[in-house]
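Labels run A, B and C following the written order; every chain starts at residue 1.
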Amino acid sequence: MRRVFLLGAAVAVALFDVMPLFLVLKQAFTPERESLAWPPAWLPGRVTLANFRSAAAVVDLLPALGRSAGVAAFTVVVTLALAVPAALATRRSARADRALDGVLVLVRVLPSIALAVPLAVLFVHAGLYNHPAGLGLVAAHALVTLPLGYLVARGGIRAVPRDVEDAARLDGASAARVLRHVTLPLARPALGAAALLVFLVSWDEFAYALLLQVTNRPLPPLLYYFTAFGHPGLASAVAALMLVPALVIVLVLEPSLRGGVLSGSAR
Amino acid sequence: MTRPGLAALPLAAWLLVFLAWPAVYAVRLAFTDPAGGAFPSLEPFRALAGDPLFWRAFANNALLPPLVVALEVVGGLALALLLAGRLPARRWLRTAVLVPFALPEVVFLAIARHLLAPRGYLNGVLAGFGVEPTPWLAPGHATAFAAVVLVDAWHTTPIVFLMLLSALAALPREVEQAARLDGAGDVRRFAYVTLPLLAPTLAAAILLRGLDALRIFATPLVLTGVEGVPVLSSYAYHQWSDQGSDGAAAAAGVVLAVLCVLAAIPLLARRSPA
Amino acid sequence: MTAVRALLVATLLAAACGRSDRITVALAVLPSELPAYRAVVSEWERTSGRRVVLVPQGYGDIRRAIAAEAAAGRGTIDLVELDVYSLATAAAAVRPFDPAALAGLTDALDPAAVRAGSIDGLRFLPHRLSWAALVWDATVLDRPPDTWSDLLAVARAHPGRIGFKGARYEGLTCDVLPFVWSAGGRGDVLDDAGARAAFELFADLAPYLHPDSATFKEPTIAEAMARGELILHLNWPTVMTTYTALGLAPGRLRSAPLPRGPAGRATVLGGAYVAIPRNAPHPDAALALVRWVLGRGVQARLARELGWFSPRTDVPPASDPALAGFVAMRGAVRPRPERPDYAALSRAWQDAFRDVAFHGAPPEAALAAAGHGLRGGRP
């Protein structure tokens, strides 16, 4: 009896939590008129792609999509390029480890808006403000994703057993070869997870995208524009585009998330 | 010692350019008189002190985090306990519960706004029961504040849920078994066995979520606009974007940064050698 | 890993593609206005062979973007729209129009509007004009108040349902100035008879104002009106477009001229201007687009489809019944005072109104206090 009650409660919560996803998709694929009707319908009436067409016709939707993807991809490269060597460095030095941990906590703790204003000034001088490909945004996103990326990468690299590395060394391999052929391949699952997480965070990121890109916008500020002016159909179309990579990544990462990939992180 | 340490140099350089320099510049901006450039000057802070919207933002920024974190932790704990057991289809249930967090924040907030709009889904359901549509998100109304708290907690509860789920899974089975054999009822087992073992994870969750909640920005901005439920981040954004006052924006940012760093002191203190 | 590498290469290529045949226009249009404007611009695309990218953005963000591009020495935006209030601050970031290149176009435009855009040469051309009028609820009132005493009577009969955009921002000045002008005040001093008369009216209205008036801005006051909490307020023509889309106008919510004061009717000029940023990559194409958009046919089409008020004197406003009140006020439109310290003047009006309306200060004292701050203290 109690199990049935518990199961019922769990299902109710699950349905409630899935409801936003359902509504976004419903509003994206039904005419905007339906979303503005009163009382609002929960079930789709007519299915159509009109919202996507309208959104693409009025704003530069596809370039925004490309910009979001490009910025996220670049951010992955930059963050891993910075984090992996640092993780390797702090493996041997406890002092560097503590220092870096402390600094990265600060990165995590400082609010975006406090840094965005001076960053905007810096970017203006460097020609990175409102950059067409969003390169300035890459720099800001790398900052945002470094703590998480570093911690996950560090966890993965630390998990590589020393005896395997030592065995390779004894076999005569140089430090570089050990790195390339032993350490990194063994850390690949964690590094893959780190890459996906960084991509996700950059893809979803809203604050810096709003503050540092004015006319060359990625998807999140575009969605905000449609939402702020009350266009549920168009807003949901943009939202549906944003959803696809986000959900895919979370589904792929979900086992690792539960398995404690994050347990070594500050989450 | 130095050779491996060099590998951390790119990261350090990056942080110097994109973290240290902007932070210093922000502080400099915050203490520069906008009308004349005199430094140091308290003029930006005086402008903040004279603005009622700033004080509203400050008050909200102090009130929101405890409320949001309390809801998240209680909700996350309840969910973890509910879904930790051997329920049928538990993989699906656990994935479904992640959706509010898996959705990009702006997407989730956009839907929340449509749910709570005057002619939105919630009012539609209530109208079915004969209740008048209420402007939940109208600026200046207490319901707007409550809405921001509830929506933000809804979005972030899955994080706490995940943390506690892992912690529950890591609980030593023997302790649970022993408590069970003792004949302790469910509630007593929970209070005297499970909860103390979860305490470190709960403490970490409260600390980290509290820090994140202090920096809240998108939720009140998208749901109610800057003037609806102002917080320090959106206030700084408003000063920068609408008013064009770099100094006031930097000053508000500095106030928020100080709050965040103060709140992070326990976190920094906890960092023991790994 | 290879996937990442491929993505990198693709994005690098995409970024490198100069896309030199596109011109970028940043303007503050609503999502509901975008399709019509887009269609109008598409015609120019066909004849000119260039692609136009329309970027809807807020005026504050546009201002910042062109300032940034001016400082950086190179830009990506070819044409911007700015609100009339930010022209002075943005002047340095945009390039002046060549009078020869505009051959004859300026003659067809409203001279007062053109004058407002002539800051250090002609840098801004009026894109769409707007001015304030009264928005009233026809289901509650038989007719809109025609004089100040009518207004007071309506307020007394419906306490708490009169709204002003009373937040401390430029919109409040736009609510105040029409009353000052229609009492014979100059608008750029706070101690003349007209100002005093207007503020006496505000003091009389104060007990009957909607409680949220102290925080109302255009969007929130429009929402309150749509919900039925207000029976009248002042707003711009775009609000009627929104009401029409929601089915509220012109049946329930209508526009009317502002009430007549001792010296007649007056309303404040608003609107948006276009300019070419200093570092625009395609200034010639931008100029061609501007000439085309300000042409008679296009202006007539925008007026018809979007209800915009054209800056051209030979394009009458559309005969949209919802906008009737605005159209009737066309002859009474006045620009805000052109003064270098306009920001301080505006602040003074806002402070004086808020003192009288929300803190019960006597009008003379409030005007004197605000005016004193204007003359003596720091701007």
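Miscellaneous remarks
One rule holds in what follows: a residue touches a chain if its C-beta (ideal position, glycine included) is under 8 Å from a C-beta of that chain, and two chains touch if they have at least 3 such contacts.
Predicted model only: the values in this text are computed from it and were never measured.
For chain B, the chain with the farthest CA centroid is C. Among the inter-chain contacts, the highest number of C-beta pairs connects A-B.
Inter-chain spacing, taken between the CA centroids of chain A and chain C, is 38 Å.
Averaged C-alpha coordinates give centres for chain A and chain B that are 17 Å from one another. Chain B and chain C have centres, each the mean of its CA atoms, that are 37 Å apart. Counting partner chains per residue, chain C has residues 61, 64 touching two or more of them.
In chain B, the positions touching at least two other chains are 225. Shown for chain A are the residues in touch with two or more other chains, namely 226. Note for the complex: chain A touches chain B at residues 3, 6-7, 9-11, 13-15, 17-18, 20-21, 23-24, 27, 35-36, 38-40, 42, 81-83, 85-86, 88-94, 96-98, 100-103, 105-119, 121-122, 139-140, 142-143, 146, 150, 203-204, 206-207, 210-211, 220, 223-224, 226-228, 230, 232, 235-236, 239, 242-243, 246-247, 250-251, 254, 257-260, 262-263, 266-267.
Chain B contributes residues 35, 118, 135, 138-140, 225, 227, 241-244 to its touches with chain C in the complex. The part of chain B that touches chain A in the complex is made up of residues 1, 4-8, 10-11, 14-15, 18-19, 21-23, 25-26, 29, 79, 82-83, 85, 87-88, 92-100, 102-115, 117, 119-121, 123-125, 127-128, 158-159, 162-163, 165-166, 169-170, 208, 211, 214-215, 217-218, 222, 225, 232-233, 236-237, 240, 246, 249-250, 252-254, 256-257, 260-261, 263-264, 267-268, 271, 273-274. Across the interface of their complex, chain B is touched by residues 58, 60-61, 63-64, 89, 167, 212, 215, 217, 219-220, 223, 227, 378-379 of chain C.
Those residues of chain A whose C-beta lies close enough to touch chain C in the complex are 54, 57-60, 66, 69-70, 73-74, 76-77, 120, 123-125, 127, 129-130, 132-133, 135, 195, 214-217, 225-226, 229, 231, 234.
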